[in-house]
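We call the chains A, B and C, going by the order they appear; numbering starts again at 1 in every chain.
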Amino acid sequence: MITGPIGIIFYSILLLFLPVLLAPLLKNNQRVLINASFLTASAASLLGIVAGVWTVGGAFTNRIILAAGLPDLPFHLRLDPLAGFFITVICLMSFFISVYSLGYIKGYLGRRPVTSLVIFYNLFLAGMMMVVLADDALFFLISWEVMAAASYFLVMFEDERIENRRAAFLYMIMAHIGAIAILLSFGVMAGLTAGLGGFNGYTFDAMRQAQFPIGWATTAFLLAFFGFAAKAGVVPLHVWLPEAHPVAPSNVSALMSGVMLKTAIYGIVRVTFDLLGTFPWWWGAIVLIFGLISAVMGVLYALMQHDLKRLLAYHSVENIGIILIGIGLSMIFTSFNFPMLASLALIAGLYHTMNHAVFKGLLFMGAGAVLHATNERNMEEMGGLIHRMPWTAALFLIGCVSISALPPFNGFVSEWLTFQAFLLSPALTSPLLKLLIPLGAALLALTGALAAACFVKAFGVTFLGHWRGHRMPHVHEADWFMRSGMILAAFTCLVLGVLPTFFIDWMNIIPEQLLGTKMGAGSGAFGWLWLAPVARERASYSGTIVFLGILVVVVAAYIILHVKPGAIQRVPIWDCGFGKLNERMQYNSTAFAMPIRRIFGFLFHIRERVKLTPAGAYPAVPKRLHYYLRIRDRFWGWLYRPVVEFSFWMSRRVGRLQQGRIQAYLIYSFITIIVLLVFSK
Amino acid sequence: MDLNIAAQLNSFLAAFVLLTAFGMLVQRRMYGLVHLFAWQGLFLSINTAIVGFEAGKHHLYISSLLTLTLKVILLPYILHVLIRRLKLHKEVEVVVNIPLTMLMGIALVIFSYYLMAPVSRLSTLVTRSTLAVALATVMIGLLMMITRRHAVTQIIGFLAMENGLFFAATSATYGMPLVVELGVALDILIAAFIFGIFFFHISTAFDSLDVEQMARLKEEE
Amino acid sequence: MNIYRFVIEFLQIAILLTIAPAFTGWVRMLKCWSQGRTSAGLFQPYRDIIKLFSKDVLLADNASWIFRFTPYLVFGTAVLAGGIIPMLSLELPIASAADVIVLVALFAIARFFTALAGMDIGTAFGGMGSSREMTIASLAEPAMLMAIFTVSLASKSTSLSQMVHVIYSGQTVIRPSLAFALFAFILIALAETGRIPVDNPATHLELTMIHEAMILEYSGRHLALIEWANMMKLFLFIMLGAATFAPWGIAQTGEPAAIFAAFLIMLVKLVIVGAVLVIIETGLAKMRIFRLTEFLGSAFLLATLGMLSYFILE
């Protein structure tokens, strides 16, 4: 009998396996299957939230050893505050998304069976929770693979479309390249811990105890960072992300973008701060630089998109970048021995991890509701949905405001903390870093402002104006299950933004355990009201007052202006007397992004062509205008094309071995055996 | 004037020298460029005078005066005449776009600070902190010569480089010996005259002062 | 004492609400004079606002709640910012609710919703305005942050009252970094408040509009709120600049005499800044939109040079 928080999580994972077993039995009654499995998933997630919050709040560290798996290699599970925090994030979002799925997946009823989706959805959730719990390399990698494989099948769910199959294939390749790097990294650490003779070094505990020579530690770190970066979608390893996330069912996109990427963040934090422990400053600089590149490139790519879900997927690249900025700064501060500042930066990164999970989940759920209602992902065809889907529009707007880092919502709090961490960088003793790190702050500011531009575009083009497509489909509002999933997430966004001190106090135990110091959160009277990371004199922010202040003034102004009922007349829009204004003349997403595309165009591979077909009578007035625009990722040409071409070249070479004659194959085997015998003598 | 204020003024002027260097780097207009060059000379000359005052090196007054006449009055005047006579375009063509040039300039400043940090730690002079600025000014002048296509802008870049060197001399060792300085000043003057004459010839030969034209001078294969 | 601090708070907001239109009137008046026209007087903005409040609202058919909510929100953020920036005194109870970064974000939220409102009705103008506004904002933001960074280096704080404190307590130090930051701030403020050379507040010519294009469909009380908030925004940026770069006059205590003196000095500052603004606006022409990269790039450059010169020279 396993007790304590880890027991709760253990049983909640077991609970998640229940629908997996039940699904084949309920195959013929899809509606019952959906209800049963997603209710189970919600219940399991709730249990997980309880356990996670409890672990972090109580600063527990529980461990269990399961005598499963290979003989003599038991599975080690461990739940410490860091794991508890990520369990909370995972379970919080999986709860919201499972509730949402109760409505969303019913959209597939009558169109296609969802049995496989249900199975892999639950496996996916269980896999993510197991990754966080794992305390040895073996179990970690097994869980990692369960997570990757389950999500692969989820991306493949609508496999009749070629784009889904391609995306899933690309995802699989990238996931495995990453997994190999992680495996090698653990291999290096385990090998150094206990030598290559035994398997004693494979537990994380053994790795924690060990001292690594700097060269090998660097190798392990670089491999792990590469592996986790491939999973997190860090530029330039991001190419799979905008392909795979949009084609999955929207609830799965929400999970993948909101939660799965966070397991990679968990991995980075676990390996660097916990397993390796000490590191030189330039590891932090690497993380910081890749974070900055991802943040800026991610948001710029997002601006160029006109597919709503693809746009959101690119924003995940951006937000992973912001999280890595926090973590990178924390590593730099740690190596220069500023634990206070390091804990501030770490909290900023982790808080953004949680915030991004919530608002990205919300946004993907909103995009799913739009997709569900209109069967359309292309924003160029959308518009005016706020009139038909008022709930979805309002909730999606909250997500947009949060991700654009605007007060009083949650995205702002973590970006503000990251800025504060940047502003403290003059404390560093290295002259070069002192001058260079502030430029990173400017890039972060650029990212934030571009994200706001991008979400004005996303929300404005999707929900505002008139329907841009040729005919408006019958659009319906999301049902109550979907709405409640989104409402919960939106509410969480607000609470995380308005009352950040409670959450930061709660998670302060993580930097205390990893770095030895807490971040000073609140101070003075009404400490919970003010977020003051260093001191009140240094900088402070109160989401509560900002929220209430705006609310009071808005309400007061509204009441004052409505004492005397002023008439509102509805009139047609002003068309300058032109008289032929139609919905095709609105700005669409390509038009909106045009100034930014021109300014930052050099970062992309852009082909733009305008073709005019002159009319007969008036040569000056073209009859038709054909506009062609293609924007491509430069990284594809720089990095991936050569690799792909090389592997094709290699395969053709290797292909010559294939003779088609059985004798030839026997000779290969024979030679192999001879060689092996010679070398093993 | 106590030493502290003098040092502050010194660094303030150093900042302005750097600013004018950047101004020249991003300026599109020919006349604007010449004016900025004159301003840079002025800041330099005032700075030299202040350094001379606080260090008690009176020969610096002479070099300050020399800078004033040569770089603030004479050379800008010559350039003005040149531009007017040759009817040069008012807009300067650039090879690299301007925001990118700015970023390169910033990178150069950081680089020169990084290079000079150990040097200025060794120095005991009040002006030591401006060494990095001086080096940055030299490098920015060179960058300007690289990123501009017009011969006149290149000469201004060259002169800006010389300004940087002069500034470095003042801040590192309280100026060069007077003889050297006079020689350099004379060199600059002669160089400017030679450039002027060359420009006349180039512009009659090529009908343009765009240095890209000179790419045609290579041997055909 | 505590109640008294709230009185100052309300006094500040009242000043913001009442003086901001007069300041806009002052700028317009000076501009008219400098261009040889007769001005409509200092109080014309008040008359405009009052007139607009008494008019009916004409709302486009397609306008959603966002369009109607935006004016209130824009107004609300401006008023809240007025409660945070020290204009008269440092003794503001809610001042520590926001440091400079939060203030910038408060303006950003107003901008975000204005841009959405521009897209709400579904005209080409609205979309054009929103697109341009967001582009300019995203270029201005890094420069703004860099300026904040530079300023915060000297005071080791991003809280406005602390910055003022440090300037008051410090000996007279000539700081090149602050001079650079000030230049950068002026350029950014011109961009953020939509003045020439970035945007022309007086234009209604289609292709040059930025801010006006977004609010083209507003009328009645909605337009009044937006116009008023816009005047307040200009006023607030000046107050922000004054508090950061020239805080002299702002009362450190809450004594009525000091507050009154602070008020008079603030008026003097406003008169001067108005004149400078008019000189800038008459001297420059509106820029082509793609030249703005260079304009805001220079702002970024200046702010960065400020930061560098702090480390190199100070």
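In this text, a residue touches a chain if its C-beta (ideal position, glycine included) is under 8 Å from a C-beta of that chain, and two chains touch if they have at least 3 such contacts.
Note that this is a predicted model, so its numbers are computed, not measured.
Q: Can you check which chain pair, A-C or A-B, has more C-beta pairs in contact?
A: A-C
Q: So, comparing each chain's Cα centre against the centre of all protein Cα atoms, which one is closest?
A: A
Q: Go ahead and note the Å separation of the Cα centroids belonging to subunit A and subunit C.
A: For subunit A versus subunit C, the centre distance works out to 36 Å.
Q: Where the centres are mean C-alpha positions, what is the separation of subunit A from subunit B, in Å?
A: Between these chains, centre-to-centre, one finds 50 Å.
Q: Subunit A: which residues touch two or more other chains?
A: Correct list: 431, 435, 439.
Q: Note the residues in subunit C that touch 2 or more other chains, in rising order.
A: Subunit C, residues with two or more chain partners: 293, 300, 304, 308, 311.
Q: What residues in subunit B touch two or more of the other chains?
A: If we look for residues of subunit B contacting two or more partner chains, we find 106, 110, 113.
Q: Which of the residues in subunit C end up touching subunit B in this complex?
A: 173-174, 176-177, 179-180, 293-294, 297-298, 300-302, 304-305, 308-309, 311-314
Q: For the complex, give me every residue of subunit A touching subunit B.
A: Of all residues in subunit A, those touching subunit B are 431-432, 435-436, 439.
Q: Sort out for me which residues of subunit B touch subunit A in the complex.
A: 106, 110, 113-114, 117
Q: For subunit A, which residues count as touching subunit C in their complex?
A: Answer in residue numbers: 383-384, 386-387, 393, 397, 401, 404-407, 412, 416, 419-420, 422-423, 426, 431, 434-435, 438-439, 441-446, 448-450, 452-453, 455-457, 459-461, 464-466, 530, 532, 536-542, 545-546, 549-551, 553-554, 557-558, 561, 566-575, 581, 583, 585-587, 591-596, 598-599.
Q: Hey, which residues of subunit C end up touching subunit A in the complex?
A: 53, 56-62, 64-66, 69, 72-73, 75-77, 79-80, 83, 94, 96-99, 101-102, 105-106, 108-109, 111-112, 115-116, 118-124, 126-128, 130-132, 134-135, 137-146, 149, 152-153, 156-159, 162, 216-217, 220-221, 225, 289-290, 293, 300, 304, 307-308, 311
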